[in-house]
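By letter and in written order, the chains are A, B, C and D; residue numbering begins at 1 in each of them.
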Amino acid sequence: MRLPDKTCTMEEAIFGIRDGDTVMIGGFGVPGTPMTLIRALVDHGARDLTLIKNDANEPGMGIDHLLQSGQVARLITTHLGLNSHAIGLMNSGAIQVEFNAQGILAERIRAGGAGLGAVLSDIGIGTELAAGKQVVEMNGSPYLVEPALRADVALIHADRADLFGNLAYVGTAQNFNPLMAMAARRVIVEAEAVLPLGGIAANDVHTPGVFVDHVVELETLSKEYAVVQR
Amino acid sequence: MVARAAREIAPGMVVNLGIGLPTQVVNHLASDFPVCLHTENGLTGIGPAKGYDTADRNLIDAGGAYVSTVPGSAFFDSATSFAIVRSGRLDLTMLGAFEVSATGDLANWKIPGKFSPGAGGGIELAQKARRVVVLTSHMDRAGNPKLKQACALPLTARGCVERIFTDMAVIDVTPRGFALIETAEGISTAEVVRATGAPLILPDAAVPTF
Amino acid sequence: MVARAAREIAPGMVVNLGIGLPTQVVNHLASDFPVCLHTENGLTGIGPAKGYDTADRNLIDAGGAYVSTVPGSAFFDSATSFAIVRSGRLDLTMLGAFEVSATGDLANWKIPGKFSPGAGGGIELAQKARRVVVLTSHMDRAGNPKLKQACALPLTARGCVERIFTDMAVIDVTPRGFALIETAEGISTAEVVRATGAPLILPDAAVPTF
Amino acid sequence: MRLPDKTCTMEEAIFGIRDGDTVMIGGFGVPGTPMTLIRALVDHGARDLTLIKNDANEPGMGIDHLLQSGQVARLITTHLGLNSHAIGLMNSGAIQVEFNAQGILAERIRAGGAGLGAVLSDIGIGTELAAGKQVVEMNGSPYLVEPALRADVALIHADRADLFGNLAYVGTAQNFNPLMAMAARRVIVEAEAVLPLGGIAANDVHTPGVFVDHVVELETLSKEYAVVQR
């Protein structure tokens, strides 16, 4: 037995994203944001997208390109504080925004990736974040039902991938990537390096390749990946 | 029958082979066949079995057998392992059976009063793998059919089984019940019909053998 | 006040310092002080801040500032990061505030119609850290008290705040309401009472200063 | 800032376990089973314990020692197939056994470690495993409420620990250990090697040390850790 090869070109990877798709995009700030896959999705042009991403990056960077190009109908996120452009689109009604507590967004995505229906949590009970949510009593205490999130596509940034799609991340670039890499029907990875099978030791794999469908090696790292001077 | 079942594995699949007969399927895969074998105790990329003399004390499959890795193997915890199963990343699982019903119900974990060690990971494999096939003897030790109109034993999962490989035949579970696909070399269709505890849909043409 | 707040950190604690004023607390900890600093974007063991010239592009805190690691740091994903918070492994968090009520309610994430960028990780920090303290100016820019009988703004979490550090005073939230613990050097008790939007329980003895 | 040192002796680590405690114990078969901590718990003598463990090991090995010594009142598990002694105790009513689907046990423990109330799952619906469980309707489909599990103490086996309690596992010895290491009030680790701070690279940590309370270095590995010839 040998493990299958999942490497492909950027065009093959991004092909097949459709208008109306739900797209998970890794990253917390710059680290872990798949800047190149995002640019490819802009070039691809799919519209009416629902994005699931921790934050909206900053104006002129990351998913802001998708907001600028008008491809986004809806954004499920935790915080837009660094992107005034995104807040403007939200306030004008040009995009619909759903805010989640950050760890609850993480758990909803993970639940999708784990084939669960939902998690029950007490986070936000007694605040406006609980408004409209289904409540379940368990042992006499109320819990909010936080439904699992799945996506049609996940765009993932990894430090290293092997041919099978085993992934390793570095630093705080991990964040939502390992969770989203479990939770989409099709998982597309951009990796700073693609290694032969065995190039990532079995004990050091962060995301097992079984979750991954396509691996694209980054030839260059654009300026967007670099340290941001504010 | 094990060799025949091995042909069920298509290139590129992620496969979990249950304890018992299914484990032997691996012996019928070519060394360069592109497949990812999963074991629920936390490994993708199972390599050949190991003897006691060369075994790694930290490297077993879910049945407790000593195994090896292949280039590109990955280790993970039990939550991630079943996330693979429940989220639909398992293309195929091959399981043993006490009983299979004509609607694809599977009973393979409990015989009340006799055998109840717990279901382990079997429930999730049966319920969530994209394709569930069963490898089993056609009849139990007492000579009773294991393929029945309805299961009498507690179920592992409902309506999950798509195909059954036995020592006598390959049988599909269809919307109209069991359908005979192939017979083992030297076994007649009539013998399979007699050994099966529910009606068997027979093909119009001759039945292939394996 | 930041130096005073830093004394709130006991040896061995796991601490999350919120964006803004709380981040500065780290500058008042000795280099050999035993503490584990957590940031919700996936790091335990935050080291000193980094300038742009020496920054690692993959190493930021939750506020987007470039940081470093210490020996024994660990990186993890966002689910694990909030598992630390929600399961009670965070001994202390220091947060900013728009308003704090006399019952410890905290509002720090939304001003309807004006400011609503989302709560990020703030809800879980406020609701689940074992001890929540607030660092804030005593009054807002318009000169209105931030410490009030009840919050007017949408809440981050109810009854979570135990202590408030301001430029004027250290105030505890007690079952009977706000209690003055210390005043800043040069600030009188009367001034604190006037600047606070709810009754203030005063100590019987002289109020210590910081 | 430096990270605190959590190393201690076996006696200090095990001290404070009480009669009636719920104890999670890592391991799937031999790999990852904290054989030495289990022996220490036998010596300690706490009784009326509820154990949470994937399996009951084999007769004369691992948690079978705690069953033999009569310290166990209740066992939450997935499979006892390799321990006929445990099955005998169950059948005679000497211990109470609760079976869980294996991945659901993993998720219930993880949910405890993640501070959630429960997960909602469709596993076991329509079978006797669903009997007696709370059912919640979500979007018209029924889900079983699988309540989070927490413990007073978790006994964990790691390949390596650093002084702060960051852990790394090897091979299939990972299994339930990383989950249980999140889900107990007090987490006790036996490690085959204890390294200085920084001895496990920050990107290679499987269990962050914040979850861990006590680290004990194993001086020798008993025969129970070795390859089992059946």
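As a working rule, a residue touches a chain if its C-beta (ideal position, glycine included) is under 8 Å from a C-beta of that chain, and two chains touch if they have at least 3 such contacts.
These numbers were taken from a predicted model, which means no experiment stands behind them.
Asks: From the centre of subunit D, which chain's CA centre is farthest?
Replies: In terms of C-alpha centroids, the chain at the greatest distance from subunit D is C.
Asks: Which pair, B-D or C-D, has more C-beta contacts?
Replies: Of B-D and C-D, more C-beta pairs in contact link B-D.
Asks: Centroid of subunit A to centroid of subunit C, CA atoms only: how many Å?
Replies: Roughly 29 Å separates the two chain centres.
Asks: Using mean C-alpha positions as chain centres, tell me how far subunit C is from subunit D in Å, no decimals.
Replies: Roughly 35 Å, centre to centre.
Asks: Taking each chain's centre as the mean position of its Cα atoms, how many Å separate subunit B from subunit C?
Replies: Going by mean C-alpha positions, subunit B sits 56 Å from subunit C.
Asks: What residues in subunit A touch two or more of the other chains?
Replies: 107, 114-116, 121-122, 169-171, 202-203, in rising order.
Asks: Note the residues in subunit C that touch 2 or more other chains, in rising order.
Replies: 43, 75-76, 79, 82-83, 85-86, 128, in rising order.
Asks: Identify every two-chain combination in which the chains touch.
Replies: Result of the pairwise touch check is A-B, A-C, A-D, B-D, C-D.
Asks: Once bound in the complex, which stretches of subunit B touch subunit D?
Replies: Touch list, subunit B to subunit D: 39-43, 52, 55-62, 64, 66, 75-79, 81-83, 85-86, 116-121, 123-124, 127-128, 154-158.
Asks: Could you list, by residue number, the parts of subunit C that touch subunit D in their complex?
Replies: 11-12, 14, 26, 29, 31-38, 43-47, 69-76, 79-80, 82-89, 128
Asks: Across the complex, what residues on subunit A touch subunit D?
Replies: 107, 111, 114-122, 134, 136, 138-139, 141, 143, 145, 147, 168-171, 202-204
Asks: So in the complex, the part of subunit D that touches subunit C is made up of which residues?
Replies: Per the stated touch rule, the residues are 1-5, 112-116, 162-164, 166, 182-183, 196-198, 200, 202-203, 205, 208-211.
Asks: Which residues of subunit D touch subunit B in their complex?
Replies: Answer in residue numbers: 28-32, 54-55, 77-82, 87, 97, 99, 101-107, 109-110, 121-124, 126-129, 159, 169-179, 206, 225-230.
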